[in-house]
């Protein structure tokens, strides 16, 4: 049934000059699943992520969201379809307050943005939702601070809040834990997991670090040199010899095995 | 000392005590002509009967301040609030001034329809400039707007159009309509331009706090992120540009009615620089700063000219450089920062 | 072949745009006579060459430092006015050089003085106050000495003394060198000492304001440099009258050469000074930087108006390009050189040698010279690398700051060169800087902001378009659906360039040769 | 045995970028002619540590010493001129310059490139073939080799290499490890490496950086057995 596929790519490819960063990748993400994409640095994870989130145009291939071709959809329209995304580098409005950051994220998908004669606080639903989201990510006490004044870890939480605010059905997350101290990582991952389970959302997580994703993920795709190297449940992936040699295991591991699986 | 508690203070309605500053300022400006008259030994009645004297002169100076303030306010919406670097803002003002002058003088229009036409022109020119918005960003946008304004500046000066525009001398001989004649009734013109300025300021304050204005702020902070959140940033930039253009065109209208000559300089690069200078003095993005900036700019120019004559322009430039280097937040911006830190 | 095709498919829009533009240029031969066409093309390219001289500097500066120098037009203007002064009134230039050199010598002693004051141990209050005292003393001394220092000048406000009258006198061959200004109440030795002291005190004040300590060793070369500059100033004072007389006796061709050198040196010095004192402090604040250069431009323009006055000044062409006697107009280049004709016949067209050929030649020379420096020298390598990645160049151990100052100075020097070159062909007006800045910015936007070949292409394109619009204003364009030929009115001339820019930017937002990010 | 001859020392270095504190206490000491690896998660501050040494992001507190000489307050180019070669994580190849020019630009004295060309081409024989190509025409691996080669052109006594193995095929990594180890006979090397396996083979010493702080340091041989630390700080099994 095609409805159960939330996100799909067909022969997706991105070239920078002579360098093929993403090499004809076919990816299928089941609706309601927690799907992680991992791989070593330079494997093309981030490029793939940027293609999925429509910040880069692919060289060739298609992207489908719930069966709809979004390959050439303008960036600002994807949010209205219910796609939320976060980036490796914290990307907030630094001089606006924490509340305003989240409020703007809510306002984007609700009517009323063009009421230039009215006070913004009159959009009650937006304001209430923003407060609720701040509560959820644990930033309610810091709502009035400018975003730039938050410590790194809280900025990541704010980033997450801004994605959750419009209540998207698909979350694209690029290394959400980057720059967080060790003890904060499980906390944030738990939060993401809870949101996903409770809301029946689909999560696509791009991660550098295998340990972070092992517990939360349903499916893991391993990228290597721009292509999909392997896919499966965490246990399958851990046991996969190709993954072992390309990513985890010995440097001088059997390259032949890698070629076969790819 | 015990801190004053709200209960011990005279019971002012909440909104009144919150807006004491602006209201006081407004009252002071209304009283200003009479105070000047009293100061210089004239009877305050002279102000009402439009007798010339110090009061009439200073009203004139302040009418110029109000017009500049409206103009600076509109530039602050573009640069300070939305973050669009435009070097062609004078086009909006100049177009309004010339349109008013030509419609009234050459076509004999009444004031009402002229104002409506100016608003229409304001919207149209914003859309024309806005076409390039989705394609060019940053410095390139600044260059494109600079180019457009410069073309207007050159075109109004050409010989072919001089029957209407007055060529490089400027448009003169406009007889202001009786209802708003700065020579026949200076006080009325003074109050009308003051009212327009105050209304514009109030409207802008509201706009910045509206859902739309908040998005404009977000675009200034991080346009890419606003786009990702799902805002079609082009539309919002266009809205800000249109509001600013209409406001600036109306300021131009007042300018044409007040000044004996509309000089082509109102469309020049240096007039855009004047807007920049005013909001820089007042504080970029603060709106209120535009008003203070206009006041400081006009008075500074006036007194430098009175004291130094020929080299006044050089000195104004030096003041400008000093501001860029030493007071980057402007009057209102710096004041707010101080207060923010104190609180 | 394959790479060519590859290149084509990658830059399809660019090639199509260039194709359309050259097709239009060729199409123009259909609507006018060949000699008219050739003349218009030459005029366009010549105009492009002047625009290029300004745009080249703008693009190098923008590419390397991300500074859009909006004072560039003013430097073009200053080049023209200073060049005019060196051409018509070399005595003023010579008189001014001595005090400038002496003041500079004082400031050049800064590193040495800095090392000196590092040894002082003073109570904090004294340490805080004395630099201000030194600055005030320097200013007071300058205010006392400079007005008395003899400089032969004109008074722009008085018509008989104005630059216009001086220019006319030279044009009519009635230029009489003015009496050299002499030291009055001030003894020359006292003047020299005082000026050196002003510079030294100023430098001392700056050294006192600085907080970070200097390098450990006293740089001997700094002292030597300051000393030799001071000596040069004094030497110049000694030979002042003789030098002035000699300059006035020169043929205008040679004096024009002198004017070019003076204009370029002044342009470079002003640019270097601007970069190293003001612009450097705003590298992290781009919008303020734009405002700063804009403000500097306005100040400079007002200063020029205050010194030279508002009227239009014309500058007679050097004799080499001004002959109208026997054998003129010349039939060949050799012919021209022997008779020094103002015009030359090329393909039946009467071409003005200075306006149309000499300026193009200089433009080409600069284009080739800069291309060679960029492509072949180590400096060029550093510039090309710095345009892309400043921090990495610095991390290789190269003092990028010094390269910045140099490039800024060269850029402004080129603008000044453009100014002095356009003096004899278009005259000097108070608006020349602003209108040229506009054309140069348009050229830059068309060519792609940071691309050096783009600046050249954009400049020529703008020049051609302007000249063709002027020409068509006279003869009209025969359009297929119009009975009468369409005559673009003068307002359409500047409008057309802006229109071209807007259209090109809409098709290619990065300009013709800009890099896609 | 005398105390180790410390070539580069960082003491409690704190670095801010704008108002963000990136490093809040990093101490590293690298003995002469050794290889030290900076390990840690993404965003922990490893790259900023290298940039701080280079003066590209100057430290606000703490100090950096090279041969006991303080580097604080010096400009980047002055630091580099003391004999430090830097290979950034993005490689920093100039795309409009040819391979030859990319190498020549690093010369600090006339003829540096000529003097060192034999060494460079011995280490990276591929570069000889690529000498006329422009930087933008090189593949990721070739760029990486060029970046390291460029750091070898002048007489550098210390090399800072950020992510030498990133994006390289295993075969090339193997080659690179041999090359860097050869270099370390005469130079001190400090590198950042995400791939623990590579780091383990390359370095003699390690410093783990976590949230802008150096939390653990020691000999690489010991770390390989300390599975707990590897798990906790590096996240690799």
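Each chain gets a letter, A, B, C and D, in the order it is written, and its residues are counted from 1.
FYI, a contact is a pair of C-beta atoms (placed from the backbone, for glycine too) under 8 Å apart; a residue touches a chain by one contact, two chains touch by 3 or more.
Quick caveat: nothing in here was measured; it's all calculated off a predicted structure.
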item: Chain ID, smallest distance between chain and overall C-alpha centroids; value: C
item: Of all other chains, the one whose Cα centre sits farthest from subunit D; value: B
item: Between subunit C and subunit A, distance of the C-alpha-averaged centres to the nearest whole Å; value: 53
item: Between subunit A and subunit B, centroid-to-centroid distance (C-alpha), Å; value: 45
item: Whole-Å gap separating subunit B and subunit D, where each centre is the average of the chain's CA atoms; value: 55
item: Where subunit A and subunit D are represented by their mean Cα positions, the distance between them in whole Å; value: 31
item: Residue numbers of subunit C (touch at least two other chains); value: none
item: Touching residues (chain side subunit A, partner subunit B) in the complex; value: 53, 55, 74-80, 85, 91-96, 100, 103-105, 107-109, 112-120, 123, 126, 162, 166
item: Touching residues on subunit B, where the partner in the complex is subunit A; value: 206-207, 209-215, 217-218, 221-222, 224-233, 236, 239, 243
item: Contacting residues of subunit C [partner subunit B, same complex]; value: 68, 278, 281-282, 285, 287-288, 290-292, 294-296, 298-299, 302-303, 305-306, 434, 438, 441-442, 444-445, 449, 489-491, 494-495, 497-498, 501-502, 505-506, 509
item: List of subunit D residues in touch with subunit C within their complex; value: 54, 56, 73, 75-77, 80-81, 86, 88, 92, 94-97, 101, 104-106, 108, 150, 154
item: Footprint of subunit C on subunit B - complex, ascending; value: 85, 131-132, 135-137, 139-140, 142-144, 146-148, 150-151, 154-155, 158-161, 268-270, 273, 276, 280, 310-311, 313-314, 317-318, 320-321, 324-325, 328
